[in-house]
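Quick one: structure below, then a few questions.
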């Protein structure tokens, strides 16, 4: 208990205070202070002449433009389209990445054959694939989804391989001794033990998927949050730019929260510490 | 391999005196890895060649062929002026490498400094962590328009973006690393009379190093990802810009060369970070058995 | 090294520790008092949760007392809520080991005097090499702790502590993680060092056999809230070796302590199991 | 090597077993030449200095590893691979963290096709080990002692011919360890289940064991076999009897030399090498 908390709690010796004090930690107090000062500095940046913040429109203007934007259909269509692209690209990456990852982890020959190819293709930034994707896929939509797919695919593949090949040998040996058939070993031992790494791969993959949707819509898309962001760049609307950025940030945050919830549902034993 | 293995007396369990890399090489050759790897690569390039160059299956006919691309890459006087013999190729490489490494190194230094500060003082962490957590979910590429509108010049926005990609990751992993150091090492250091700076250099930084290098690996990958996007939008030179320019002017073979080069540079950069990590963290070498 | 100044007399007066004074009022240490003469090997033994670690940390400066005082050589060391600063006069050998894994053995052993400015690097390293070879640990100076066995790591850490010529050596169940055979070897190593370099030692453990084998005086503590149940003068002459373990006096003492502590430990265990159920 | 006639009598027989790890580049002999017998219905103890290859012996008997030379037979047939006749309790818990305690215990019967009776057997065994209220909890919600008891239940439900235990109580605190020892004694004296128990604690070895197999330091061979003629049922009070003290000093004298020998052989002590190798090998290096 730090000094600050100690004297706060000593002044109100009731049990109720114990529960409040748990939330009123030092971090909460400092967090409010720091975010508050930045908001104030941002709002009055121009009169105060603060270097970076003064080039940005004041906070109030951003809030005003956001009200207009939130009511426009373009904005919400953007959300729907981006989410549709993300889900299809992301789900495809899991449906293909996890099985291949498990195969490569459990079958040595396929790992030794496929891994060099992974080592060649993975370092190529997915954004660099956009031209090839546009050439190859018949429609713009498919080319954007392919880029999102690439962003999430490598991560979940490597995490699955890592998870499945590092299963604690004592689990495998115990299961073998208890008389498990190869099918039992896979479904009851290897797969459950790998689930936590797969979920980590999905969470990181989702973050990169959102990066890729922004880039792909920037270049190839005609719609979506990413495209809206580029349009505001063209017409020099900084306020709209910032709102789109924040919206994408919120979307990214929400989707990784969904993955985390999915993870705690699929691997309940993880959080039971 | 049913050799008779003579029991070696315990006193001198000596490793054969041959150099370790020879041992690794001979072990590798005896294992099945190189042969399957060769098989895998043949299948990949074979498929590319058959699908695109030979049978032009379905949509593959739109793509650049394997043979023309390799020919262009290796020819002393390439059709579109970019091959391993032309200066232009290396100028683009240098432009990209310069941007990535200047951004990466500055992000590493600043990131580690701030990460250590956040790990060390609870007040500083209280002030800075919320801001970091708010900015982190925003995809790096979403910063591009703001960078272009606000940051003057041509090089600065690109390097700034690549810096951001590495900066957040490094801070977070350094913070994670500092928090992972067992309290017992701080107590031991204090009772042995270490000053604060001594604790910083001899306990905090080395202790956090393993996490820091996990962060640096991710950061290097993120740098190359963001560099290409930034160069496509606002670059004049650099591999990312060149990818888009060759697509625009229908020079598809050169586009494949640039993509392959990006892949190679990405791989070499990560390998470099791993190598530096191994050197700095020799103490993590597995036990005597020399794993 | 032998002319260590004859200091390190410790006296603990009604030391007490209450956790979370506002809420649940958990009394960890309930007025513990005993003295340790200079250069005496004192062992505190008791079940888990009897506050022996709190006592050790209060001496070392990592924890603070709620009431009572601790004096070192007559001067006040710790007062309620005013813990002493950790220092080289009270070096702790921790339970899970605290050799810096990222530094070589030589660096670890010689860093104390260097960081305190008592010696320059060359002198400290020479002294470290000399001490290491004297205790039979020659040849591992340039290795990293990660590549040493459990027993060797413990011995290096004890050498690192002694390099600083502390007034008191504090040992917090240092051999708990070792298997029994390695433990007996390292225990004997500590005894040999103690015979050669007399030093006040404050050793805590839950292993009765270890307490009697090592200590001149054994302080037996009750389970929570920690109180001194009884103090025993072992009275087995030194140097001691493993044959002592099966001597008549040793077995009598062990039976004595085991009975007085057995029901204490069962109470602590049941409390522990209940918390989990 | 003369073809050793495989004795038909019950129990496990090791004859001139040797095991060497690594390939021809870095050869580490872990077990030099081990021959001993684990009689049926007996509580046999394997005891030796740390890093002397005890874990490797367990793996060889369980069938996870093949001996480099020599032969291991169980009830006359040669040991080929892991079976439910020879089940292992590892040093660290190997309860499947993703299954509840009940599912863990039922795993054996379920995969062996006895689904129907599995649940009732498991519930009955769990109440015998005192974990009936924890059946739906996950392993990481249990204390060290409880995890060990759950693992014992998971093993005993398959009625193994021999129970192999690799320092199972090492991580437990003194009190829990004592209670687990008493519990294991009650279990053994009730069912005469054949047990091979690896430990480095001499008190534990003498309290529990009928016969002690003393191992040398690395590479391991059998130094001596000692019979423990303390009466059954055993109790902790026997720890301070005179007969016990004689046994202990005899065992201590032999093993103390071995522990010293593994320390004395220079900085690259063989024990460090073996301990490191076993850690690496246990981590399942292919």
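We call the chains A, B, C and D, going by the order they appear; numbering starts again at 1 in every chain.
Quick note on the criterion: a residue touches a chain if its C-beta (ideal position, glycine included) is under 8 Å from a C-beta of that chain, and two chains touch if they have at least 3 such contacts.
This is a predicted model, so every value here is computed, not measured.
Novice: Where the contacts of chain A and chain C overlap, which chains show up?
Specialist: B, D
Novice: Of the pairs C-D and A-B, which shows more C-beta pairs in contact?
Specialist: A-B
Novice: Which whole number of Å gives the spacing of the CA centres of chain C and chain D?
Specialist: 33
Novice: Between chain A and chain B, tell me the centre distance in angstrom, where each centre is the average of that chain's C-alpha atoms.
Specialist: Computed from C-alpha means, the inter-chain centre distance equals 20 Å.
Novice: How many Å are there between the centre of chain B and the centre of chain D, using C-alpha atoms for each centre?
Specialist: Distance between chain centres, rounded to whole Å: 46 Å.
Novice: At what distance in angstrom does the C-alpha mean of chain D lie from that of chain A?
Specialist: 46
Novice: So which stretches of chain D touch two or more other chains?
Specialist: 272, 275-276
Novice: Hunt down the residues of chain C that sit against at least two other chains at once, touch-wise.
Specialist: Answer for chain C, listing residues that touch two or more other chains: 147.
Novice: Where in chain B do residues touch two or more other chains at once?
Specialist: 286-288
Novice: Quick one: which bits of chain C touch chain B in the complex? Just the residue numbers, please.
Specialist: Touching chain B from chain C are residues 60-62, 86-88, 90-92, 94, 96-98, 100-103, 111-112, 115-116, 144-147, 160, 164.
Novice: Please give the residue numbers of chain D that touch chain C in the complex, ascending.
Specialist: Listed in rising order, the residues of chain D that touch chain C are 48-51, 133, 142-143, 146, 167, 170, 173-176, 179, 200-203, 240, 245-246, 248-249, 252, 255-256, 258-260, 263-264, 266-267, 269, 271-272, 275-276.
Novice: Could you please specify the touching residues of chain B with respect to chain C in the complex?
Specialist: 182, 184-185, 187-195, 198, 202-203, 206-207, 209, 281-288
Novice: Going by the contact rule at the top, pick out the chain A residues touching chain B in the complex.
Specialist: 2, 26-27, 29-31, 33-35, 38, 52, 55-56, 108-109, 112-117, 119-121, 123-132, 134-138, 207-208, 210-211, 214-215, 218-219, 226, 229-230, 232-233, 236, 238, 241-242, 244-246, 248-250, 252-253, 256
Novice: Tell me, which parts of chain A touch chain D in their complex?
Specialist: For this pair, the touching residues of chain A are 108, 168-181, 184, 188-189, 192-193, 195, 267-269, 272-273.
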